[in-house]
Amino acid sequence: GAVATGQMVHAQAAPDPAITEMQPWQQYLGAGVDASPYGMPSPHEAHVIRRNVPWLTADSVSSINFTPLHELDGIITPNGLCFERHHSGVAEVDPGLHRLMINGLVDTPMVFTVEDIMRFPRENRTYFLECAANTGMEWRGAQLNGCQFTHGMIHNVVYTGVPLRLLLEEAGVRTNAAWILPEGADASGMTRSIPLEKALDDCLVATHMNGERLRAEQGYPMRLVVPGWEGNMWVKWLRRIEVGDQPWHHREETSKYTDLLEDGEARRFTWVMDAKSVITNPSPQAPILHGPGPTVITGVAWSGRGSIPRVDVSLDGGQNWNQARMSGPSFDKSMHRFYYEFDWDGSPLLLQSRAMDSTGYVQPTKDQLREIRGENSIYHNNSIQTWALSEDGTAENVEVG
Amino acid sequence: QEAAAPSREGGFGLGREALPEEVAAWDIDIRPDGEGLPVGSGDVWTGEELFVDYCSACHGDFGEAVGRWPVLAGGFGTLDGEDPVKTIGSYWPYLSTVWDYVHRAMPYGAAQSLSDDEVYAITAYLLYLNEVVDDDFVLSNETFADVEMPNEDAFFMDDRAEVELPLFTQEPCMTDCTDGPVEVTMNAMVLDVTPEEEGAGDDAAEAEEEAAPEDTGP
Amino acid sequence: GAVATGQMVHAQAAPDPAITEMQPWQQYLGAGVDASPYGMPSPHEAHVIRRNVPWLTADSVSSINFTPLHELDGIITPNGLCFERHHSGVAEVDPGLHRLMINGLVDTPMVFTVEDIMRFPRENRTYFLECAANTGMEWRGAQLNGCQFTHGMIHNVVYTGVPLRLLLEEAGVRTNAAWILPEGADASGMTRSIPLEKALDDCLVATHMNGERLRAEQGYPMRLVVPGWEGNMWVKWLRRIEVGDQPWHHREETSKYTDLLEDGEARRFTWVMDAKSVITNPSPQAPILHGPGPTVITGVAWSGRGSIPRVDVSLDGGQNWNQARMSGPSFDKSMHRFYYEFDWDGSPLLLQSRAMDSTGYVQPTKDQLREIRGENSIYHNNSIQTWALSEDGTAENVEVG
Amino acid sequence: QEAAAPSREGGFGLGREALPEEVAAWDIDIRPDGEGLPVGSGDVWTGEELFVDYCSACHGDFGEAVGRWPVLAGGFGTLDGEDPVKTIGSYWPYLSTVWDYVHRAMPYGAAQSLSDDEVYAITAYLLYLNEVVDDDFVLSNETFADVEMPNEDAFFMDDRAEVELPLFTQEPCMTDCTDGPVEVTMNAMVLDVTPEEEGAGDDAAEAEEEAAPEDTGP
């Protein structure tokens, strides 16, 4: 088709039967209001699901699946599509038997029921949760062909929760305290060391996500929210918080979630998620089907250090950049949506996006990161992603140089 | 941003004091300085037997791993190479982490089913497999402090603030940012390891051996 | 139990077996990441559903169900729980056969496919949708015992959509145009007349809700968003927009959605939803189970004229008022969440909430409204709701005087 | 609030021109001034027959309704009483609405299955049932303009801005706002018409007759 701004692209030879013939839904009654007490997406959207990569892990229980970013819009991830990462599967906790204990360097070790937690003042905050390993398979080169797989270890949710500070105040934190160790009730007994300063600053014990109670796979009946910091720290099925004066150096902060550099040394306690963005459409799973002409490029951006006032989009692999249009509310440590509308002339493009956060940090290229970190660090790959768009509208995960 | 939810002077009086038995039941964490370790002990040979019974189906008789389950031993000298093998011996900085993790989470599917002495013995065997101790070693709450893990000093605090932030906090270039037009240097479609949307394409399974980078699991 | 601020309310005689005995989820593996490609709430939350009132309507197809407000928190209504109102059931539209036509007083009558719509620039906005009949059963007195039924014809959603303005510009609106008539593709062929000014101001043709594609029961593949105005105007399964110079006075704006006053005259075109609020917890379906002591009262408030800077809460049926704490983002024509934390002494209370919107409008009492409108107007009952809380923590829908 | 999504001078060139046959297929709306009415006609007696065949199962032979389906006729003089009965005759301001709605949405479950002449005839019958025309009346696109609906002048534009806003936009009272303590004057539990959370309590069904206010459906 020819590019034609401001004039009709298609002319219709004969009347469209989708209009001139009566469709069944225009004539006959559909399902009633008692059919779906809890509703599900249209059957026409059955392909919009979390997907896993079987070869990544030894089994599907200690494993991960991925948010279908290329099927979503705006900044909210629907609960049914929030990626899952479990270390011993989904704990099906009975809320009546769930307890939250606070012990260690406190004046009074405490036990709270779920009902106790619901009697504290609560807050509502929107935060992204990104796994530190998101995009980890891409360090050595372009590997997975779809933003669901390259960037889908992230979700963005509105949480309702009690500030952890209020619970710690209830137990009375001793003056020599400096760290906390949240622990999960699942069979992996997930633990991470978190500085007390962060715990008292903006951490929440969340009971609700996107308006309803937490989903089982996201920690029902309660999870820790650690804004801007790597997802592994957001302990699910939170059952205990120990207060201490030193970090614990547990498995998930030594064997895992430490960043191995090229010389064999390793960074520990790399908590903050650096600013990052990705174009979700077009992308390998979401080709352009409409041919040349007006085209919407869209994607998401986020930073563990603040908000995202600006995203730039390149059509030529980073040689030249255009400022994108930000849309939707801009919250600290939350996902942001950007759009870049342009007329595609049908020629091949190398699509990139580049986030700039409220601290002025600019998302680096993969080569910039490799220069400092090598290719073995697994975690914290926040580099610029390239999709090669071909003439037929398909997109491929590539690296450029 | 809205104001934070308000504190109350003296607390809300919610929840209740935890009883000592309750804290004891859940307070299972171990620290590098040994804090949390129960009294107990176990030797390498006892550990080997337990390991073969409870662990080797996944981790292999010698911690070498079966299939894609985690490798627990060896990997020395690989950390600065192309394919680092991160094991207890080659990578883990603290012994306490082994005791804590095996006790809290292993065997996979039967967490916290091991007695304290069993955990001491298995941990001793894992140290032995990793050439950190000899075969006559007995690990106990008392010998614990004698063990030094080889790679402890390779870890340092996150230094992104000093090393990376200055580099990456600069006015971004908008035009002619590269030396002329850029070229594609690597394609994901060549690898072909992405799960297919429909059906059970076994491309991915085939590609596993060649393509899956060791230990890139999240 | 005794009220005890700043000191332990309960002491535990013997260790709690929920702590001292190992629960199955602490030991054994749960479901893997391939178990729930599209996730659902925990089985322990199976009671959190939309409910209908069978005696309200002749059948369940042209009927309504209600959002379980008392089970939600924050401001987002999860898609599966957004109340439904259909006039001929849920139209199961095949998106490939869906068309949007614009005709009437335009330069070029147009046809758009869903794909065409996705090529226009889009926006992300959070709006409440309230049925004009919400609380309609309560005009003559306290009738339904639960805020799900008295106030649940409302949901609050983040929409992604194309400004209707852009589509109308594409067709070219003639200078004598003054009204539009959006029409649905369902078997009721839903139509409403909307002033062109509103259409060009903030109306959207939405394709996504809360991040994912619209649900079938909310108009998949596209619905009209008419911010702040009564829900009936938000035409679902939007298939056509006619532009004209006069309103159409169709069935839903004459027989229905006109407000009969006591003298037999009727207001027409009562589009804007007045400011309103309701306490969701405690409420008849959500009693206080924890006895006296620290208690969280929470609820929601909204206004079709702007945002809600303030909500007041009364414990004594409106004699005295306390300013509540607003929480979560404050958007124009969106739901707001409020909390009021206090120490309940266990005595009976008469709970009320009163919204004030950004124009200074203060939610009236039911008697104030009846004075002007009588009891027969069905629609637009935005009056203050009273729950009588008894000593045992149960709450009842009452009127006070 | 963010800036609005940008317009483009001359449009985007998206979509396509609708063909006249396509507009004709969907452009079914009728206005009070008769705009949209097709050429055609139907008389009261033909209308009665059609109504009995296609409509009376729900609306009754004379529009008096079966069960809780809508009442279509009668109700004169009730609008200012305790139980207003809003019908085509007692309430609807415009004849065009009847034609438009019956044609677009009825019979319920077989929308748009009636021919134009059938809709004219049924509409004539509905006017007859509502005492707006005599039994020899023939409704057509030409006689349409002769019919006046009795309640047309009872409708007026939303006047909340003038009547209500000044009253309800005043500084709210915070203390001692009522004449002393308030009392409960009416309880929902007395009515007992709320659906039960669990099980199939038939309280609600029983309560229907006594409690359900006529026409409070949304």
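Going in written order, the chains are labelled A, B, C and D, and every chain counts its residues from 1.
We take it that a residue touches a chain if its C-beta (ideal position, glycine included) is under 8 Å from a C-beta of that chain, and two chains touch if they have at least 3 such contacts.
Keep in mind it's a predicted model, so treat the numbers as computed, not measured.
Looking at A-D and A-B, the interface holding more C-beta pairs in contact is that of A-B.
In this assembly, the C-alpha centroid of subunit A lies 47 Å from the C-alpha centroid of subunit D. Subunit C and subunit D have CA centres that are 22 Å apart. A separation of 28 Å divides the Cα centre of subunit A from that of subunit C. Under the contact definition stated at the top, the residues of subunit C that touch 2 or more other chains are 8, 12, 16, 19, 26-29, 51-52, 63-64, 85, 88, 101, 108, 111, 116, 119-124, 187, 189, 293-294, 325, 327-328, 331, 339, 341. Of all residues in subunit B, those touching 2 or more other chains are 2, 5-6, 11-12, 14-17, 22, 26, 108-109, 111-112, listed in ascending order. Contact topology of the protein chains: irregular, matching none of line, ring, star or complete. Pairwise chain contacts in this structure: A-B, A-C, A-D, B-C, C-D. Contact residues of subunit A toward subunit B in the complex are 47, 51-58, 62-64, 85, 87-88, 101-104, 108-113, 116, 119-124, 131-134, 136-137, 139-146, 149, 153, 162-163, 165-166, 169-170, 172, 181, 183, 187-189, 191, 239-240, 242, 244, 246, 248-251, 254-255, 258, 260, 262-272, 274, 284-285, 312, 316-321, 331-332, 350, 354, 356, 359-364, 368, 372, 376, 378, 388, 396-401.
For subunit A in complex with subunit D, the touching residues are 4-12, 14-16, 19-20, 22, 26-29, 293-294, 325-328, 339, 341. Partner subunit A is touched in their complex by these residues of subunit B: 1-2, 4-7, 11-12, 14-18, 22-23, 26-33, 58, 67-70, 79-80, 84, 86, 88, 91-94, 96-97, 100-101, 104-105, 108-109, 111-112, 154-160, 163-165, 167-170, 172-178, 180-189, 191, 193-195, 197, 204-205, 207-208, 211-213, 215-218. Subunit B contributes residues 2-3, 5-6, 8-17, 19, 21-22, 25-26, 108-113 to its touches with subunit C in the complex.
Against subunit C, in their complex, subunit A makes its touches with residues 8, 12, 16, 18-19, 23, 25-45, 48-52, 59-61, 63-65, 71-82, 84-86, 88-95, 97-99, 101, 108, 111, 115-116, 118-124, 126, 158-160, 185-187, 189, 207-208, 210-217, 220-221, 237, 289-290, 293-296, 325, 327-329, 331, 337, 339, 341.
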